[in-house]
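Structures incoming, each one as structure tokens.
Next come two complexes built around subunit A: one with subunit B, the other with subunit C.
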Partner chain A sequence: MDPVSHIESWEAAPKRHGIPLLTKVILVLLPLVVFVLSFGLGRYNVSPQAVWGILWGQAFNLPSSYPGTDTSVIMVLRFPRILMCLLVGAGLSMAGAALQGMFGNPLVSPQILGVSAGAGFGAALAILLSGSIFMIQTMALFFGICAVAITYAISRFKGGDSSVYMLVLAGVITSAFFEALISIIKYVADPFSKLPTITYWLLGSMANVSWQDLMMVAPIIGFGIVGLIIMRWRLNILSLDDDEARSLGININASRIMVIIFCTLITAASVSVCGIVGWVGLVIPHICRIIVGPNHKNLIPACLSVGAVYLLMIDNLARSLVSTEIPLSILTALVGAPFFAYLLSKSGGQWS
Partner chain B sequence: MKLIVEHGRYGYTLDNLLYDDINFAVNEGEILSILGPNGVGKTTLLRCITTLLKWHSGHTIIDGVPVTGRNRTNIWEKISYVPQTSSAKFPYTILDMVLLGRCSHLKVYSMPSKKDYDIAMHALDQVGIAHLYRKKCNEISGGEYQLVLIARALAAQPQLLILDEPESHLDFRNQILVLSMLEKVVREGNLSCIINTHYPEHAMRLADNALILGRGRQYLFGKAADIISAENLSDVFGVKVKMLPFEYGGKTLSSIIPLEVI
Partner chain C sequence: MKHLSSRIIIMLLSVAIIFTVVGCSSNASKESGTPAVAEKGKFPYTITDQAGRNIVIEKQYERVAMSSVRPIPAAYLAATGSINELVGINPSSMVAAKSSMLAVLAPNIVNLPTGFVEGNETNIEELMKLKPEVVFCLNTNKQEIDALEAVGIRAVGMETNGTDAIELFSQWAKLIGEVMGKENQAGAIIDHSRAVAQKVKEVAQTIPAGEKKTIMFLYTDDGKTIKVGGSNLYSQYWCETIGGINAAAEVSNVAVVNMEQIYKWNPDYIFITNFTETQPEDIYNNKYPGQDWSNLKAVKDGHVYKIPLGVYRWFTPTSDGALMLQWTAQKVYPQYFNYYNIETEIRNHYSKFYNYNLNDAELALILKPSSDAGSYKARTKE
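Right after this comes the complex of A and B.
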């Protein structure tokens, strides 16, 4: 073969090499479509015209001709909840993809470093102490970050650089410890008032999300999301062994700490407002690898889109399927597990 | 560029040193080949040279400047390292993989640009596998994969190329393919090169100088043609060796045959 002619035919390659245009368009449009449709879903029926009219009226501050209940259902209950789903779904999926990349392991989820167990403990403790919503959220955030700090410290016990292997084991240790603490709290909690609250909370729910919650966590999750987007190409290098990554000229410890910080902020902030939402951060990266391939430069943006859509659709089911709210983790797994099994049977577990 | 190792001392434990006061140099455009038995610390030596491991004492000196903790990551702007096997856990495409070599030239927050894609593509062309650029890393042969790793190293536009046994898992044909490709790119680009190998023949064929590591912190450093001899090889490897020199393409090559363990 004549190599030069290949170079010429390659001229347009970088474009061809990215995400195909059609996939790109779908990834951009899908969240918007699901976002708009979600306003009309729920046990309380609001017609599409009313949804549109209310949103339009609120945006331009027009006098409303719709019933006050409709307006408050849309503006107070559904709007912040929908935004929160998009944010948390996108964040957890991206954190999952980043950590799976960094650990070079498909079984990794954002929980790997102990953040969920830590945050869960913080929240459970706050509920036990009859704390306010604000206290529950702050303690969840605080203990989530603490847990990861402990994990990181344990991984460096031997001094020197913290290897990926040590991080995983340290994460298992920290998770086990905080899960035991959660069990103690459940054991001593009042079985009629506090225990159900704790249990329900640990299963994850968007039911009580308010604008105030959104204002509190959006900057934190947003910061993590932007950080991962900026680092996304370098995640490819972090997925290699230490020496190989270093020899490509990356400061591996600093990069790793950055990824851990971004993922921890996303996960801890998510857990602090809507409890532990499992499964999203594990499965969405796999689905996205099937769509756009393993290159993190494309994978991370794809996770943003697909993760947001997935959690929003799951939450739509959670609030409209039956008359009481279904906890999110139950649905993410009940819907996600068979779907994932189907995908695996199609792809044979190949990451491409 | 000129790389000097001065009074290098290293061991995984202090009472069991691999090298004590090791000295050698690689000048611009020179190929140095490192030989030695298993477990003598060939890979470790490469890691010390590049300061992936820290010398207990002594220095690596690059263009007159000793490499210290502070300028440690900067050396990768001049040096490229090709590990024995790559640890890629995801099946990136070949172009994506080669593109990673551009990392040392990019700012932390920046993405590879069109120029970086061009450089990566040119590197693939240099090693003769540009046509494979869209394939995935798990879809190509071992020889091609080694060429991908060399292309990735070249994409960093280094002045010194360091390779750890690039030919050791390859068959006959791929060994010669990889080695001659390597010789071509190194000579064409006037690069310096350090290469670990298990094959004295390859060292003779390729290298200007050789460094032979022996047991008990002994080493030999000199012109490859001088120090790769039957006596030295049998001393270091502990086997009886027969060397059969012959002429090929205006060069003296040797067939080196291990006969029996001493």
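Right after this comes the complex of A and C.
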């Protein structure tokens, strides 16, 4: 199916058949179930009773009869990490869906505008300079946003409104530029100490996510998520071609900038705290389209649910499969690719 | 069309020029390399390097460089007694030297050029400017070895992989001694290191199984990513030799682990390397959010230690390896390893093998190193 007819069918398709109630119920319940179950998974063995007892005790401030180690595992190690996975998974998937819709291109991921490359560069630079965690996160956030600003500026070189094609090409240029800068840093980094840290970081990891990390990025990612949920009606219109959309009386450029800002905030904040997590923002939207169809009204909430569940399940594997932490991007692709291929073979590439 | 053809001519010309230059330079250095006249009767002689190559030593080398191998300058000092022949070292060795006792023992080291190595790559032409006669490099860098030999520089491959830190160092010292004709000097520190290791092993064998302690080497902790020393690394050797158990033996080499895994291991002792800025206080005070160390046995018992920093980071194979064994053993099993005073051992070691008398401040700095060696900021000398 060519991308254009694919897009045009997005508006019409879901109106013919709505989303079954069962699908809706599953999409709401699944994140809750996986959320609860995840507390029981990890290298250190905490019994289900202890998990419940600790969570219950913390919630109602009861005196704890459980060992301090168990409480630490649940409250300090697992809780913030699980919440971060839900947040990042949901955010990246929604950003991917929004950008795929806006660019009318199924190959688009949240990385398209250069934000990951920019944020990755910021973090790598901070690691090279022996920066603190706070400095790494701030620089990642800053350069991620910078990169998108540069992309946007390039797309407007010819003046006037930036077209979708100009944006994509400008994003490719910016990404290439920042990736080259990352390569320089990796090249000059001390191969004994700094290089492994940078490489590991660029592959993404939730290892040792703290409440502080969560407090820092949750408001930013949350803002982007809420923004995209509000914008989901407009995304359908943005995915039409410019003239058609204008005829519907929408300020295309303003809406487009809003979407870009929300997606940039989500992606840059994610990268700043857990590195570059690939594949989620590319594939989850496609999986959700198979489930709920291409209408963004349904697609965006579905991405929130499936994206959150997917990344949380992947991270459960990453932290409990073997003694060492496995970088996230390796697992998201290793587990996600065969699963996606299976879904494709079932759906035959029909999105709706 | 005219444009295109002129471009092609320019390209061909530049290729030709490059070949000529390369050809010339390799010829030139071959000429300067070969007419080595044997001053003493022992030249030339043949040795085997750690890449398994037979190398002919033609003369007493006076210009020595170290490219892709890092912990070698300190070994060189111990094996030959000075660093007078060195003309260039790896930038990573330089940072380590500046933040360790090496810069005190051999002050000239801080002036050596390092620009010919960037990351893992050696720029041969840049190296040739230093006119080295022999270059120590990694035994696995076959391309580098071939390139060096092609331009008439004697390349010596060195092995850095292994677990037995004492034996790795001994092999380096032996090879350096052979190349530089200082077999006796090198032999002294090798014999001493092996003898200390043997004695420690003998005492360790008397420790009953019930008293064996689990030990974890915290390789780096930047507040986010925790790396530990697993098996297939020196951590395994230090633990086993002193009669302990490597808590992280199930992971290999330097491995990224999470806090839960460390809870599961719950080591009796934690040793922090000098590859990280983290100090025992940071662990005791739970400095890093997202890492709660307070429940671990080692932390509760107050058994978290920063590894000393002598001529190089003691965690790795060094000429201070014997001291590392004695220090670690005494920390974990003070009742068994009570036949020496570690401060006296360090003083004697430095005066015997580096011909240097440590003052109290220097001794204190070795035993309680600052975080600088981990942050790769050069320690400013007082």
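Everything that follows uses one rule, which is that the second predicted complex is superposed on the first by the 334 of 352 C-alpha atoms of A that agree within 3 Å, B and C clash if a C-alpha of one lies under 4 Å from a C-alpha of the other, contacts with A are read in each partner's own complex, and residues count from 1 in each chain.
Basically, contacts are C-beta pairs under 8 Å (C-beta built on N, C-alpha and C of every residue); 3 or more make two chains touch, one makes a residue touch a chain.
Predicted model, so just to flag it, every value in this text is computed and none were measured.
Undergrad: After the superposition on A, what does A:187 contact: first (subunit B), second (subunit C), both or neither?
TA: A:187 sits against subunit C, while subunit B stays out of touch.
Undergrad: Where does A:40 make contact in the superposed view: on subunit B (first), on subunit C (second), on both, or on neither?
TA: It touches nothing on subunit B or subunit C.
Undergrad: Once chain A of both complexes is superposed, is A:57 in touch with subunit B (first), subunit C (second), both, or neither?
TA: The answer is neither, since A:57 touches no partner chain.
Undergrad: Kindly classify A:293 by the partners it touches after superposition: subunit B alone (first), subunit C alone (second), both, or neither?
TA: After superposing on A, A:293 lies in contact with subunit B but is clear of subunit C.
Undergrad: Once the structures are superposed on A, label A:241 by its partner contacts, choosing first (subunit B), second (subunit C), both or neither.
TA: In the superposition, A:241 contacts subunit B only.
Undergrad: For subunit B, which residues are in contact with subunit A within the complex?
TA: 47, 50, 52, 73, 76-77, 79-81, 83, 86-93, 95-96, 100-101, 103-105, 108-109, 111-112, 114, 117, 121-122, 125, 128, 130-131, 133-134, 136, 152, 156
Undergrad: Name, in rising order, each residue of subunit A that touches subunit C in their complex.
TA: Listed in rising order, the residues are 42-45, 67-69, 72-73, 76-78, 80, 130, 132-133, 136, 186-193, 195-197, 200-201, 205, 207-213, 319, 323-325.
Undergrad: With touch defined as at the start, can you tell me which subunit C residues reach subunit A in the complex?
TA: That would be residues 70, 91-92, 95, 118-121, 220, 222-226, 248, 250-251, 254-261, 263-264, 275, 277, 288-292, 294-295, 375-377 of subunit C.
Undergrad: If you look only at subunit A, which of its residues touch subunit B in the complex?
TA: 1, 3-4, 6-7, 10, 13-14, 17, 101, 104-105, 230, 233-234, 236-237, 239-241, 243-244, 246-251, 289, 293-295, 297, 350-352
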